[in-house]
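Take a look at the structures listed below.
Note that chain A is present in both complexes that follow, paired respectively with chain B and with chain C.
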Partner chain A sequence: MPSWEDFKPFIITGLALGSVYAMSGVGMVVLYRATGVLNLAFGAVGAMGALIAWQLINHNGWAEGPAFVICVLFGGAVTLLYGALFGPPLSGRDPLIKAVATLGLALILLGIMSWVWSDKARSMILPSSNHGFEVSDVFVNYTQVIALGFGIVITIVTGLFLRFTNLGTAMRALANDREITATLGVPVRRVEAAAWLGSGLLAGASGLLLSNLVGLDATTLTFLVISSLAATLIGRLRSIPGTFLAAMGIGLVNALITPILSISQYRDMTPFVLATIALFLLSGRRGNALTGRAG
Partner chain B sequence: MSATAETTAPEAPTTAKGGGGGRSWVPKLTAGERVRALIILGLLAIVLFLLPAILSGYWINVSTDTAIYSVVALGLGVLMGRTGLVSLGQIAVLALAGWVAARLCFATSLPFPVILLLSGLITMVIGTLIGLPALRLQGLYLALITLMLAGAIGVALRTTNFPNGGAGFLGHTESDRGNGTIRRPALAHADTAFFRYTVIVVAIMFLIALLHVRAKPGRAWAAIRQSEPAALAGGVNITLYKLWAFALASFLTGVAGGLLAARSGQLFTLQFPTQDSILLLAAVLMGGIYSFWGAIVAGALMRLLPALLDNWGLPADLLTILFGVGVLQVLLTAPQGIVYQFPRDMARLGRLIGGLFTRARGAPARERAG
Partner chain C sequence: MRKHLGSRRTRSVLGLLLLAVGLSIVVTACGSSNKSSTSASTGATGGGGSSTQQAAAADVTKCGQKPGVKASGTPIKLGAIVTKQPGTDFTDGATMAQAYFNCVNDNGGINGHPIKYKYYEEQTDPAQIAGFAHKLIQSDKVVGVVGGFSIIECAVDHKYWESLGIYELDAGIAPECWGTSNSAPPNMGPRYSSDGAVQGVIRAGAKKIAFDQSNVPGTGYIQAGPTAVAKSLNVPIESFKDNVPIQDANSIALKLVQAAGTDGGVVLNFTPPEALKILQAAQQQNLQDRVKAWACSTPCNTDFVAKALGQQWDGKLLVNAELNVTDNNGPQTNLYRAVFDKYGSKVTGGLGSFSQMGFTMAQQVVTALESIKGDTYDLKTVNTAIKNLKGWKTDMLCKPWYYGSAPLHIPNNTDFTTTPHNGKMVIKDGCIPISAADPGIAQVRGIEQKDPSLTQAGAPVAGT
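Let's turn to the complex of A and B:
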């Protein structure tokens, strides 16, 4: 059994990874609550944003700042466009159908990405990764700090936003019943568009951070969404604090297993195993809670 | 889905007849069905005897792959189209089946058909065990849990790798070529013979699925798909038949995995990338989930089309984009997929062209078009 010293460096890695999972998870939960769409293209959108930023920096000579802004904006734009085009015609369908439709978007983006940026290894280092400080012999770089800060801030802000603002209240109302909310005079399309945009911006931001923390590879980043999906599942696709805690837990467990050599190779199974156990426990306790409907 | 009622309708009379004569598993065929069966037998004969004669070795292998993947698509079709259970992890099940088949092959000296059957049965047990707790979940949650399990299987297989003649339970050696290949059936060593062998096994698999759909399980699945509460009220044993669907789908995928293992000789994790599960779902949706022909179309979309694109010098990534567009198009406009949409569109086109001709001759076009 490794000693405490072996585990120490992995705590911050785990927290940083967990908070990016939390950020993606919160983005997905907000969209799911407002529109009933579980956006499985979340990772693909972020990955493409990150690749565009990479292209702008390395081939078009852009400064890093504007390129990163473009990445986040791209996430927002693509998601909003998809929401505007395919949200309304699918709004009456089963949540499962809506989720499968976003897989269509994911495939389109994935195809474009592997076509334009073939599967070569490339890397993008955020400027904040080169600087850092030491906490009891462990080097902490600023990207990890930014990721952690972003994750926490976004979770809190989103939670407060849904609770206290008019738009947030409208989103929660939509989650309950779209028809009744519409009759009450809430501009449904506009509220949904806001949710798509917000979730898309989060997709862009988490794509940028993940490309730095994990690696800039289209397929990996696209399917990393499954890991954050595990967190949202533990949060039962509704609870924002639940998603945050689950994401942190997954990130921590995933990283802390690394020094335990006998199971180290299997550490990437963490999100799946935890989510599966959680789902079975939840479904056992409340038989009808998981019928796949929002609210 | 409004489409479901339409598609089950033509089958209703036959299933009623089949059930009428006691618990018969082989329903009596109507005249139309006898014609259809003859056409299918004719097509099968062409595939078995004509294709090997005109195709080169490369295309024979592509055709073998297409046949194998159409069985995988058939398994997903049974789950999704017949029973309404969406699985996003069928390729992971296929990889698992390939692992089982490879393991059996290196550990024993059983004849190939036995290995095929065993890999089908073992995968069936595993698939049913996965399905057992998943029965409590519905719709989106079921799809997501299959995605999670597929992810877990993927990570595990990437670590353990496929058996290639090494020692121990995992049976993987790091040496480049491994210690030997997964053997093929004694009477089908050459690629062409193995292609014929595969087609016959695949035909048997389709027949098994057809018998299920035409008999009591098929009716129970249709009831569950339409409305679970109604099926329950109608006295359908929902747990049993859902598990049955999982079992059948896993068995089909298991046999396909065994065939794939023998076809490739050695299996690698690269053959089962994560996106393939989603591509399979897309292909099955585009092919048509309510029809067995859809499964064959899906198999061709999965394996034949990439080879064709490659042959024409087009990047295979185009296909991924096409699949994405296809999913959206199917979900928005044509829930029944290509097998229904294509003949309908062709008929419409035919009427349009026919209408043009009759109008040119001055005849009233409206009667024809109606």
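Let's turn to the complex of A and C:
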């Protein structure tokens, strides 16, 4: 068993990994709360935005700033386009069908990325990664700090936005019941478009940060949502702070297992094991509550 | 009211149309421009641009026996099977082989016969691969299997090739590529290349080794090599496996550095994108100087890895290179670059180990075809000619390559060591034999000692 000294640096890497999961997880919950759609293409949209930025910088001679803006805008545009085209016809369908439809978008984008960029090694090093500070003998760069801060800010701002603004209230109402909300005079398409656009911009920004934190690799970034999904499930697809905390917890446990060599190679199971345990406990508590009420 | 709704809908449709057009323009632009810049965001598609500035260009008319005369006789059919699936694209070998064959065909072909090349792309499905092998022979009527590069093809098909008397010229991953009688690759594969990487960090002074590889089938076979080499030099080695694609490179880099210790070395056996993640995570945590040396097996030996890593790794990363650097000035490499420039538009990965292997295998088969007396190019004559290749010297490999009759073939068993320098891979150490502490290497050294003509340069090399 490693010593405490061996474990200490992994707390830092765990927080960094947790912030990676948090960014994707929170982004998915935001859209789910606003539209009732679990967007499994979140990672693919961000990955493609990051690859476009990489292409513009390395092959078209663009400066980094404008290329990064294009990455974020691409996320917003492609998600808005999907939401506008497929949101209305799928609005009355089961949430599972809506989620699977976004998986289709993810696979289309993954196919385009494989076609345009093949699977060669690339990197996106943000300027903020070149500077940082040391904590417990581990160098923490500012991109990791930004990612953590980004997750926290998105969690707080989105929570406040959904709760206290008219548009946020309309989004929550839409997610609950689209038909009733429409009969109340809410401009359904416009509100949904705003939700898709916001979620897409978030996917673009996350893609940019994740391409630096995880690697500029289409497959990795596309399927990162699967691990992040565990955090959203622990947050029961509703709680943004819950998703954020779950993601941080998953990242920490995952990293802290790394130096324990006997179980290290199984650590990729962490998100799903924790999600299963959490769902089991949550359903048990709900069951107890129901039993109590019946009694 | 209806008119109003109609115009609103028209506006929405027009807006979406504009958005779609805008997106398609962005994506199209990404595939079309090739200007470069010196941004912090680095990397490349494998150096896919022109190679003429790197070294002297060769004359592509050297590809064939009749410069400038297109071959128009009965085609000689060759085929291959290559892996292409999300995350693994090994088509560069076959596309480069095709480029060389096109060059040969434009310059007289083989005794007036053009080479017709067909390759199938597989997705690591044994049934699919076996089906393609039968199709190549039964439907496509190929007379030689050349230029394949697959994860499991050797394992799936070697018995079929043996039953037909086909001597495959392939590059691969599966142990059967080096451990069977009818396969002789130009590369040495992950196990022996990892051996070389381990030797590299030990030469750099490492007193302990942390060896990490992707958690895929066959890791035990690969791990046995570095373990034997390190043990023979009394250096402790700790082996790890990590799932790919890697999501937590920071933790992995930290784990490896902790395991190696300050006097140790870290050796990676991953595909370039995965190795790059670990190396960059090490860099971002300032871990690159916390061990004596870092090393990689062959996949890291590409300029795009050197570019993506940046100058912080110059001289610090040792890469076991199964083939020479792509800008060396030897005749075969000059011809390789010239062929790439004129015929290699489909080689998406650009100049690099994979396309070098494809070019080498194509040159080998052309040498074999040119050695056939008479005008009969069938399974028997072609494969006998391939099997008879020996003492085949190219500047891309450290020592002459051979086929011959043997229960196993590891003709490439002496390697270069490269390191990044200003965004390119350069030679750090010249040709160093892979340690015979690995039983497979010991066995082929015995075969070479028994028949010294195998490794004595002498066979004429096509085109040069």
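Just so we're on the same page, the second predicted complex is superposed on the first by the 281 of 295 C-alpha atoms of A that agree within 3 Å, B and C clash if a C-alpha of one lies under 4 Å from a C-alpha of the other, contacts with A are read in each partner's own complex, and residues count from 1 in each chain.
We adopt the following convention: contacts are C-beta pairs under 8 Å (C-beta built on N, C-alpha and C of every residue); 3 or more make two chains touch, one makes a residue touch a chain.
Owing to the predicted nature of the structure, the values given are computational and were not obtained by experimental measurement.
**Student:** Can A:G215 be said to touch chain B (first), chain C (second), both, or neither?
**Tutor:** A:G215 sits against chain C, while chain B stays out of touch.
**Student:** Counting only touches as set out at the top, which of chain B and chain C does A:F133 meet: first, second, both, neither?
**Tutor:** neither
**Student:** Of the two partner chains, chain B (first) and chain C (second), which one does A:D268 touch, if any: first, second, both, or neither?
**Tutor:** Touch partners of A:D268: chain B and chain C.
**Student:** With both complexes superposed on chain A, which partner does A:I97 reach: first (chain B), second (chain C), both or neither?
**Tutor:** first
**Student:** Check the residue A:F223 against both partner chains and state whether it touches chain B (first), chain C (second), both, or neither.
**Tutor:** Both chain B and chain C are touched by A:F223.
**Student:** With the two structures laid over each other on chain A, which partner does A:P89 touch: chain B (first), chain C (second), both, or neither?
**Tutor:** first
**Student:** In the overlaid three-chain picture, which partner chain does A:I112 touch, first (chain B) or second (chain C), both, or neither?
**Tutor:** Both: A:I112 reaches chain B and chain C.
**Student:** Counting touched residues of chain A, say whether chain B or chain C comes out ahead.
**Tutor:** The larger set of chain A residues in touch belongs to C.
**Student:** On the A-aligned overlay, A:A77 touches which partner chain: chain B = first, chain C = second, or both, or neither?
**Tutor:** A:A77: touches chain C, not chain B.
**Student:** Overlap of the chain B and chain C footprints on chain A, residue-wise?
**Tutor:** Touching chain B and chain C on chain A: residues 110, 112, 114, 219, 223, 227, 265, 268.
**Student:** In the complex formed with chain B, which residues of chain A make contact?
**Tutor:** Residue positions touching the partner: 38, 86, 89-90, 93-97, 99-101, 103-112, 114-115, 219, 222-223, 226-227, 229-230, 233, 265-266, 268-269, 271-273, 275-276, 279-280, 283-284, 287, 290-292.
**Student:** Tell me, which parts of chain C touch chain A in their complex?
**Tutor:** Residue positions touching the partner: 12, 16, 19-20, 22-23, 26-27, 29-31, 33-37, 39-46, 86-89, 215, 240-243, 245-252, 254-255, 258, 271-273, 275-277, 280, 284-287, 302, 304-305, 308-310, 348-349.
**Student:** Touching chain C in the complex: which residues of chain A?
**Tutor:** Touch list, chain A to chain C: 6, 9-10, 13-14, 16-17, 20, 51-62, 64, 67, 70, 74, 77-78, 80-81, 84-85, 110, 112, 114, 116-127, 129-130, 138-139, 141, 143, 189, 214-217, 219-220, 223-224, 227, 254-255, 258-259, 261, 264-265, 267-268.
**Student:** Under the touch definition given earlier, write down the residues of chain B that touch chain A in their complex.
**Tutor:** Interface residues on chain B, with respect to chain A: 86, 133, 136-145, 147-149, 151-152, 155-156, 159, 273-275, 278-279, 281-282, 285, 315, 317-328, 331-332.
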